[in-house]
Amino acid sequence: MGGLDLTHFVVLAAILFALGLFCVVTRRNALGILMGIELILNSANVNYVAFARYAQTGYDGQIFAIFVIMLAAAEAAIGLAIVLGIYRSFETIDVEATDRLRG
Amino acid sequence: MSVTTVAFYVIAVITAGSALGVALGNNIVYSAFALMGTLLGVAATFVLLGSDFLGVIQLLVYVGGILVLTLFAVMLTHRIADVHVSNRAVGRPLGAVLAGAVFVYLVRVALRAHWVVRAPAAPGPTIYGVGDAFLTQYLLPFEVASVVLLAALIGAVVVSRKEVRA
Amino acid sequence: MDEPTSAAYVALIPLLPLAGAALLGLFGAPLQKRLGKGAVGWLACATVGAAFLLSVAAFLQLVRMAPEERGLGLLADLFPWIHVGTLRVDVAFMVDPLSAVMILVVTGIGGLIHVYATGYMHDDPAFWRFFAYLNLFTFAMLTLVLGDSLLLLFVGWEGVGFCSWALISFWHKEPANARAGNKAFIVNRIGDFGFILGIFLLFWALDAHGHGTLLFRELRAHAPVLAADRLWGVAVPTLVTLFLFVGATGKSAQIPLYVWLPDAMAGPTPVSALIHAATMVTAGVYMIGRLGFLFTMAPATLWLVACIGAATALLAATIAVAQNDIKKVLAYSTVSQLGYMFLAMGVGAYGAGVFHLVTHAFFKACLFLGSGSVIHAMGGEQDMRKMGGLWRKLPATGRTFLIATLAITGCPFLAGFFSKDAILWEAYSSPGGHVGLWAVGTLVAGLTAFYMFRQVFMVFFGECRADHETQHHIHESPAVMTIPLWVLAAGSILAGYLGVPHSLGGPLGIPQLFERWLEPVTGPRFLAEAAGAGGGDAGVELALMAVSVAVAAGGVVVAWLLYVRRRPDPATFSAALGGVPYRLVLNKWYVDEIYQAVFVEGTLRLAALAAWWDRWVIDGLVNGAAAVVRGVSAAAGLFDRWVVDGAVNVLADGTYFVGRRVRRIQTGAVNTYLYVIVLGVLGGVALWWSRAGAG
Amino acid sequence: MGNAESLAYFLPELALIGALLAVLVVDLALTARKRPAGEWPGTVALLGAAAALVWTIGLPGLGVRGLLGQAGGTWLFGRMLVLDGFSVFFKLLLGLALLAVVWMSLGSREVRGRPNEGEYFLLLLASGLAMFLMAAAGNLLMAYLSLEFVSLTSYVLTGFLPHDRRAGEAALKYLIYGGVASGAMIYGMSWLFGLTGTMDYVGIARAVAALDPASRGALFVALVLVLVGFGYKVAAVPFHMWAPDVYTGAPIPVTAFLAVGSKAAGFAMLLRFFHFGVTAAGPQAVLAAVPFLPLVAVASCATMTLGNLAALSQQNMKRLLAYSSIAHAGYALLAFAVFADAGVEAVLFYLAVYYLMNLGAFWVVMLMANATGREDVEAYRGLAWRAGGAFPAVALAVFLFSLAGLPPLAGFVGKFYVFAAGIQERLYWLVVAGLLNSVVALYYYARVVKAMFLDEPAAGDPPLSFGLGELSPVGVLSASTLLLGIRFGWLLDRVAVAGRLFAG
Amino acid sequence: MQLGVLTWMVFFPVLGMAAILLLPSRAHGPIRWTAAAATVLPLALSAWLLAHFDPHAAGFQFVQRNTWIPAYRIEYFVGVDGVSITMVVLTALLSFLCIFASFGIEKGVKGYFALFLLLETGMMGTFVALDLFLFYVFWELMLLPMYFLIGIWGGPRREYAAIKFFLYTLLGSVLLLVALLYLYFTPSPHSFDMTQLGALVRDKIPLEVQVVLWIALFVGFAIKIPAFPFHTWLPDAHVEAPTAISVILAGVLLKMGTYGILRINYGILPTATLAPLWGGHSVAFWLLAALGTLNIVYGAVCAMAQSDLKKLVAYSSISHMGYVMLGMAAFTPQGINGAVLQMFNHGTITAMLFLLVGVVYDRAHHRDIDGFGGLASIVPLYTGVTGFAFFAAMGLPGLSAFISEVLVLLGAWQVYPALTVVAASAVVLTAGYMLWTLQRMYLGQPNPKYAGLAEINGRELFTLAPLAAIVLVLGIYPTLILNLQSPALVRLADQVRAAAPPPQVAAR
C-alpha cells in the first residue's frame, strides 16, 4: 500500500464521523439528520474495513460492514416511513416542530 | 507518492468534501446529492482497501437503495415546485465547536494509539471469502439478519400504511 | 449504727387519711347522695382522728423510750421504693421527737379544722370532694413529716403542694381562684426545683465518699464527710443547704417566693387555717430542723436564712399594716411569723423555731377559723371596713379571736410570748445571731401587735359598718365551729408552757420541756451554749423580754388610738409623704406586679417566641435553607406562591423546583437530545483527562 | 460449539421465530378472508412466548430439558453466542417479560382491534427474540446486530398508534436518537476492533490486558463510545433523553416492554461486555489504565438524580414511570459501578425485582387507561374509594412503594443489595446519593398513592369494573412483590449462580 | 420451625389483619372485635412474658433464631432483654387499648383496623428484632401503615402531615441504612447479629469512623425521638392524626428512637459513645445530654405558647423525651434506669393525654384551649381524669413520671450537674403550661356553648383506667419495672463506660 498507512483511513473516518455529528446536531430537518447518521455509519465502516485490512484479520471487518449497511438500509426504510407519517400529521418534518412531548 | 496514495487523497477529498456538503447544504436535495458523493467515495475507499465486494454492496445498497429512498422521501415531503427546499440548520457555531473538538480529540488519540497492524497481504477478490464466512462462522448473524429484514419490512409497512378501517 | 425501733402501726398514721381520701375521692359522690353529708364528714374526721390517736400512741411510746433510742425513733418500713444503684429508698415512715411534734400538730390541729369544716362547708355541694382533698392533704403532710428519707419527704412536699392547688382553686368557677391555685403551685415548683437539686447534690456528694444515701439517719451519720468538698467553688454543704433553702422559701413563703401565700386565701377558710397557716407552710421550717446537722455545717446558709427570715418578717408585717381584707391581714401575718421561724432556724435555734411553729399553729389556726366564722356570719364579706362591732353579736368568735390575737402579739404568759421571746433571745445571743436581727424582730413584734389589734378593733369594736341586710343576718356559728375555736384558744394559751425559757422557768422549777424533747434531733449544741451562757445573761434576757413586750404594747396602743379613738385619724398617716409609703404598702410593694411583668410575661413571651421560632425557623431550616430557596424562587417570579405557602415545605418544594428545572432539559426537540449525547461524551473525556492528567 | 449442535440450545429463540412466522401466517390468512384477526395473533404470540419460556426453563415432567440445568457455560454458533447461567437468567427474565407484555397487549384498548394487530404481535415477538440474542451475545457483531434489531422493532412498536401524533413524534425521536447512539457505538466498536484485532469478547479481553500504554487513550474513547450505545439502551443519563418521550408516546404495553425488557437486555449486554469482555483478563490493570468506572459512577448518580427530580412534577403516569425507570437504571448502574461479583449479583437481583414492580405498575396504568381513557395522575384521585377501584389501588400502591424501596417489599431488598454492594466496595458517596434519591423518589410515588387513597374521588366518577383476567396478573405480580420482599433467599441463590459469568 | 412466644406476639396481629381482610367491609362490628381479639393475644403473652422473664439472666430470653437468608447470614432472630421487655409490654398494651379508642372510626373501618394491626406487628418486631436487617425491615414496616393512618383518617391537613412524617422518618432511615450496611460489612464473615456485632467490629473500625457511624445512626433515631431540631414533624403529625394513632405515635413510636440508640448505638458502638467530639466533651454529652436538655426546655417553652391542646401535648412529648436522652447519656444506674422507665411512663401518660384530647375533640370538634372554659363544672369526671393525667405529666410524686424524672435528673447530676440544673428547671415550666391549660380549659366559668357536653363514656374510661392504674402503681411501687430492667441496663451502661476511649478526655 505504499506510503499509505492506517492512520490515513482512521483520520478520514474521523472526518466523516465529526461531520456526521455536526450534521445531526445542527439539522432541523429529520431527513437531514438521517443523512448525518448515514455519515456516521459510513465512517465506522471505513474504520472496520481499514482495520481489518491492516490487521489481516480475515473477513470479519468486511462482514461487520455488510451488516452495518444492511441494518442501515432497514433503518432507513423504517425511518423514512416514520418521517412520512410525521409529515402526514405535522405537515412538516422540522424536528423543532415535533416537540409535543417534552418536560 | 505512489498511485494508491494519490488515489486515496483524491478519494478522501471527494468523500470529505461531499460530506461537508451534506453537513452544510442549505437545500435538502443538494444535501442528498452530496451524500451520494460521500457514499461513492466510501465505496471507492473500500475498493482501495481491497474489499471489492463490499464496495459493490455499498454501491448497490447504499447508493442504489438508501439514497434513492431518501430522495423519494425528500420529494414526498416537500413540494417539488419549491426551489428552496429547506434544510434549515441552527446552532451551527456550537455544533462546529463540538464536532471540531470531537474530531481533534479523536485524531489526537488515534495518532498516538498503536493499532494492530500486520504485514498486508496482496489484495484479491473477496466474494468467495465473504460468502464462505457467512455460511460458516457468521451463519447465525446471517440468518438473524433475514429475520431483521423481515421485521423491518413489516415494520415499515405498519408505520407507513394508512389507517384502514377494517 | 443502731437500728430504729420497728413499729408498723406508725404507717397507719398517714395511711388512714389516705384511705379516707381514696374512699371519698372514688365513692364520695354516691356516698354523699345516699348517706348525706354527715357520713362524709364523719368519715373524713374519723380518719384524721384515728391518726391523731395513733400519733399520741407513738408519742407516748417515744416518751417511754431512753433518750438515745428516742433519737432513732420508731420506723415502719413498708416496701422498697426505688432501689437503683446506690440509691436505695424505701417507703418507710419514721417517728422521732421532731416528727412526733409535727404529727401531733398536723393530726391534732388538722383534726379540729376538719371538724370545723364540716360546719363551715356544710352548704357546699362538693362537700365530699373538699374532704377528699383535705384528707389527701393530711396524708401528704404526714408523709412529709414522717418520711424517713429526703425523697419521701419530697413526695409529701410536692403532695401538699398539689393539695394546696386543689383546695385553693376549690371553687373553680371563679377564675381568680384558679389563678391563685396555679400561682401557688408554680411558685412552689420554683422552690422545688431548687430543692431537688439539693437532693441530687447531697446524694452524689455522699456517694463520692461511698455513702450515697438519702435516709435521714444515715445522712446524719455521714454528713460530716462533706465538710471539705467543694463544687463550683462553693463548699458542698453550703450549696446543698442553699438549694434546699430555695425549696423552703417556696413552701414556707419567704422572700422571694412568698407571693403565692396571700393569693392562696382564695381557698375556703379552713384550708387557709390548715394549709396556709398551721401545717404546710411550716414544712420549710420542719425541713431545716430535720436537716439541722447539715445546716449547721453551712454557716453562710444559716446567715442567709436568718436574714431572709428577718426581712420577710418585716416586709410582710409592713404590708399587713395596710390590708383591709380580713384574711389577707392574717396571710401576711403568717408570712411574717414564718419569717420569725426562719430567723430562729437561721441563728441555729432549731428548737425555738419549731417551738414557734407549734404555738403559731394554735393561734394562727384559731385566728383563721375565727375569721372564717366572721366571714360566715357576714355572709361572705371579707372587707374589714364593712365590719365592726361584732363583739357582742359573735361572742365565742370574738373572745377566742382576742385570745389568739393576744397570743400572737406576745402578751406575756400566752403561747406566743414564750416562743417569740425565745427566738428574739436566740437572735441576740446565739453565736449565729446579731443584734440587728434582734432589733428587726422586736420591730416586727411591734408591728404585729399594731396590725393584729387594728384588725381586732376594726372587726369587733366600734360601729358596725355593714349594710342593714347583712347586719340582720349576723349570727354566731354553730357549735361544731365554735368548739374547735375554743380548743385552739386554749392551746394558744397553754402551748407556751411546753417551752418556758430558762430565765423565767428555771427559778420556778419549770423545765424547758420542748427543747429537751427535740434535743435528740436538733442536737444539744445551742442548748448547752445557751444554758452555759444563760447563767450570766439571764438578766439581759429578761431585759430584752421587757423591751419587746413594751414595743408590742406600744403597737397595741397605737392601734387603739388610731382605730378606736380615731384620733389621730389613720388617714393622716395614709396621706403622709404624698401617700407614697401607704400606696407602696397597700399594694404590697408592687412585688406581684413586678413578678408578673418580669417572670410570667417574660416566660410567656419567650414561649411565644420559641413557638414562632420553631414554626418558622427550625422547621424552615430543617426543611432546607428557606431564605435561599425563597430568594431563588422570587427571581423565578414565583414569589407569591412561596410567600403564601410559607417556608414550611421548602425542601420538598425546593426539590420540586429543581425537578422542574431539570425537566426543561427535555425540550422535546431532538437536536437538544443529540447535543446532550455529544456533551456527555465530551464530559466523560474531560473527566478522564482531568483524572489521568491527559496521559 | 458448531452451528448444528448449537441448535439444540437455541430452542427458545427458534420457538420465537416459529411463533413469529405463525403470527404472520395466521394474520395473513385471516385478513385475506377479510375477517378481523380477533384473538388469534395474540394467542399465537402468547403460545410462542410460553414455548420459549418452557424451553428456557425446561419441563422435566414432559421430558423438555430446558437450559436451566446447564452447568457451566459454552459457546454457541462458533463463538457468536454464550450459553451460561447469566444468559439463561436473562432469557428467563425476558421471556417472562415478553409473556407478560403479550398478555397485557391482549387486554390493551390501544392495541386490540387495530388493523395492524397481527403485525404488532409479530414485532413484539421479534423484539423479544432480539433481546434474547442481546442477552447471549458474545461478539461485537452479535451485540450490534441484536441491539439494532431491538431498536428497529422498538421504533415501529413505538409508532404503532397511527394518527396519534404523540406516537409518530416519539417514534421519530427514538429513531434519530437510536441511530446516532448506535452509530457512535459502532464507531467505538470499530476502534476496539482496531486496537485488538478481534470482535470476540474473549479475544478483546486478552488483547486489552496486553495493551500498549500508548493506546489507552484510544481504548478509553472506544469504551466511552460503546457506553453511549449501551447507555442509550438502558436509558442512562446523559443518553436517556429519548426515554420519557418514547415511553409517553408508545402504547402502554410497549412502554412496559421497553422499560422492563429492553432495559434488562441492555444491562445484560453491558455487564457481559465489561465483565466478560473488556476486563475478563485482569480487570485491575484495565481499570487502572482506563478509568471508565468513575464515569459510570457519575452517570449513575446523574441518572438517579435527574430521573427522580424530573419525575417529581410529572402529571402523566406513563411519563412519571418513565422518569422513574430512568432513576431505577441509575440504581442498577450503581451496582454496576461497583464492578465486582456482588455488584453483578445486585444488578441481576434488582432487575428481577424491577421486572415485577414496574411491570405491575404499568399494568395498572393500562387498566386505568382502558377504563377511563386517561393517563394523568388526576384520574387516580380517590381510586381506592371508587367502586371496583380498591384492588388496583392497593396493587399500585404496593408496586409504587416497592419502587420506592420500602420494606417489606421486593424493591427494598433490591435496593438493599445494590447499596450493600456499593458500601462493600466503598462507594459511599454514591450510596448516600442513592439513598437521598430514594427519599426524593418516595415523594412522587407517595403523591400518586396520596391521590389514590387520601383524596376523595370526584362526584361524577363512574364505578370501575375489571375482569378477573385483568386483575389476576396484577394480583400475581403484587403478591410476588410482597413475597419476594420476605422470602428472597432463593432468588439470591439463583443470582449468585447467574452472576458468575462464563469466562471461556 | 418452633414458633416462639415472641413470634406469636409479632405476627398474630397480621393473622388478625388477614382475618379482617376476609370480612365484608360493611361488617363494622365484627371487624372491630376481630381487631380487638387480634391484640388480646399479644397482650396476654406480654403478661406471660413478664411473669417468666428472668431479670438477672445475662443476655436475651425467649430467643428464637432461624436462618432466613443464609447467603447473607440474615436471620430471623428475636429475643427480649431488660432493655426491650418494657417496650414490648407497652406496645401490646397500647395497641390493645387503642383498638377500643378507635371504635369511633366510621370511615374505611376495614382498612383502618387492618393497617393498625400491621402497625402493631411493625412496632413489636422492632423491639424484639436482634438481627439488624430484621430490625430495619420492621422499622420501615411501621412507616407505611402510619402514613395511611394519618393520611386517610387524619384531620384537615392530614396529607401534609402524613407526607411530612413520611419523608422525615424516611430520611432518618436512609442514614440508618448506610450505617447498618457499613457495620454489616466490617466483620468477616459479615454479620447482622446485633448481639455479636459490637464485639466483632470494635477493633476493625477506626474511632473517627465509629463516631461518624454513631452520628448517622443517631440522626436516624433522633428524627423518631424526635430530638431538636428534627422534631417539627411531630406537632403536625399529632395534630392531624386520629386519636388512637396519636397515642401510638407518641406512646410507642417515639420510643423507638431512644430504644434504637440504646440497642444499636450503645450496644454496637460503645467506644464512639464516649469518644471526644468537640470542646473536650464526648459524643454522648453533645448529642444526648446537651440536646436532651435542649429538648426538655425547648419543648416545654414551645408547649406553653400553643393554643391547640393536641399540639401542646405534642410539644410536651418532645420535652419529656428529652429526659430520656439526658438520662441515658449519664451512664449511671439511676440515669439509664430512669431513662428507660421514662420511656415506659411517657408511653402511658402521654397515651392518656392523647386519649383525653380525643374525648373532648370527639364532642366539641375542636381543640382550641381558649375555646372552652369551665369544663370542670360540666364534665367533672372527665376533668378529674384529665387532672390526674396532667399532674402525672407534671411529675407529681406518687405518680410514675416522678420516679423516672427524678431518676433521670439524679443520674444526670453526677455527670452533668450544670445541664441538670437547666433540665430541672423544666419542672417549673411544665407545671406552668399544664396548669395554665387546666385553668383555661377546665376551670373558671363554664362556657355556655358546651353546657350540654356529654360526660366521658364507659368505653373511653375503659381505655383510660388501665393506664391510670399503671401510672399510679408505678408511682408507688416502681420496683415492678425497675427490677425487670435494671440488671440489663446497668450492664449496658457499664459496658459503654468500660469501652470509653482510654485517654485524656473523660466523659464529662
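Letters A, B, C, D and E name the chains as they come in the text, with residue numbers starting at 1 for each one.
Basically, contacts are C-beta pairs under 8 Å (C-beta built on N, C-alpha and C of every residue); 3 or more make two chains touch, one makes a residue touch a chain.
Note that this is a predicted model, so its numbers are computed, not measured.
**Student:** If each step moves to a chain the current one touches, what is the fewest number of steps from chain D to chain E?
**Tutor:** When the steps are counted carefully, the minimum from chain D to chain E is 1.
**Student:** Going by the stated contact rule, which chains contact chain A and chain C alike?
**Tutor:** Touches both chain A and chain C: B, D.
**Student:** Spell out the chains that contact chain A while also contacting chain D.
**Tutor:** B, C
**Student:** What's the chain with its C-alpha centre farthest out from chain C?
**Tutor:** The chain lying farthest from chain C is B.
**Student:** Which chain would you call central, comparing Cα centres to the global Cα centre?
**Tutor:** E
**Student:** Which pairing of chains accounts for the highest number of C-beta contacts?
**Tutor:** A-B
**Student:** Centroid from C-alpha atoms only, then distance chain A to chain B, rounded to Å. What do you get?
**Tutor:** It comes to 6 Å between the two C-alpha centres.
**Student:** For chain C versus chain D, what separation do you get between their C-alpha means, in angstrom?
**Tutor:** Taking the average C-alpha coordinate of chain C and of chain D, the gap between them is 77 Å.
**Student:** Based only on mean CA positions, could you tell me how far chain B sits from chain C in angstrom?
**Tutor:** The answer is 101 Å.
**Student:** Roughly how many whole angstrom separate the Cα centroids of chain B and chain D?
**Tutor:** Centre-to-centre distance between chain B and chain D: 31 Å.
**Student:** At least two other chains touched by the same residue of chain A: list those residues.
**Tutor:** Those would be 6, 10, 17, 20-21, 24-28, 33-34, 36, 50-51, 55, 57, 60-61, 63, 67, 71, 74-75, 78, 82-83, 85, 95-96, 98-102.
**Student:** Could you pull out the residues of chain E that touch at least 2 other chains?
**Tutor:** 163, 167 - these are the residues of chain E that touch more than one other chain.
**Student:** If you look at chain D, which of its residues touch at least two other chains?
**Tutor:** Only 141, 145, 148, 152, 155-156, 159, 162-163, 171-173, 176, 180, 184, 191, 194, 197, 220-221, 244-245, 443 qualify.
**Student:** If we use the touch criterion from the header, which chain pairs count as touching?
**Tutor:** Chain pairs that touch: A-B, A-C, A-D, B-C, B-D, C-D, C-E, D-E.
**Student:** Residue numbers of chain D touching chain C in their complex, please.
**Tutor:** These residues of chain D touch chain C: 172-173, 176-177, 180-181, 184, 220-221, 224-225, 227-228, 232, 237-239, 241-242, 244-245, 290-292, 294-295, 298, 306, 308-314, 440, 443.
**Student:** Mind pulling up the chain C residues that touch chain B in the complex?
**Tutor:** So the residues of chain C in touch with chain B come to 671, 675, 678-679, 681-682, 685.
**Student:** For the complex, give me every residue of chain B touching chain D.
**Tutor:** On the chain B side, the touching residues are 105-106, 108-110, 112-116, 136-141, 144-145, 147-148, 150-152, 154-159, 161-166.
**Student:** Can you check the complex and tell me which residues of chain D touch chain B?
**Tutor:** Interface residues on the chain D side: 3, 6, 17, 20, 24, 31, 34, 36, 76-78, 80-81, 115-116, 119-120, 122-123, 126, 129-130, 133, 141-142, 145-146, 148-149, 152-153, 155-156, 159-160, 162-163, 171, 191, 194-197, 207, 212, 214-215, 217-221.
**Student:** Please name which positions on chain E make contact with chain D in the complex.
**Tutor:** Interface residues on chain E, with respect to chain D: 68-72, 108, 133, 136-137, 140-141, 143-144, 147-148, 151-152, 158-159, 162-163, 166-167, 170-171, 174-175, 177-178, 181-182, 184-185.
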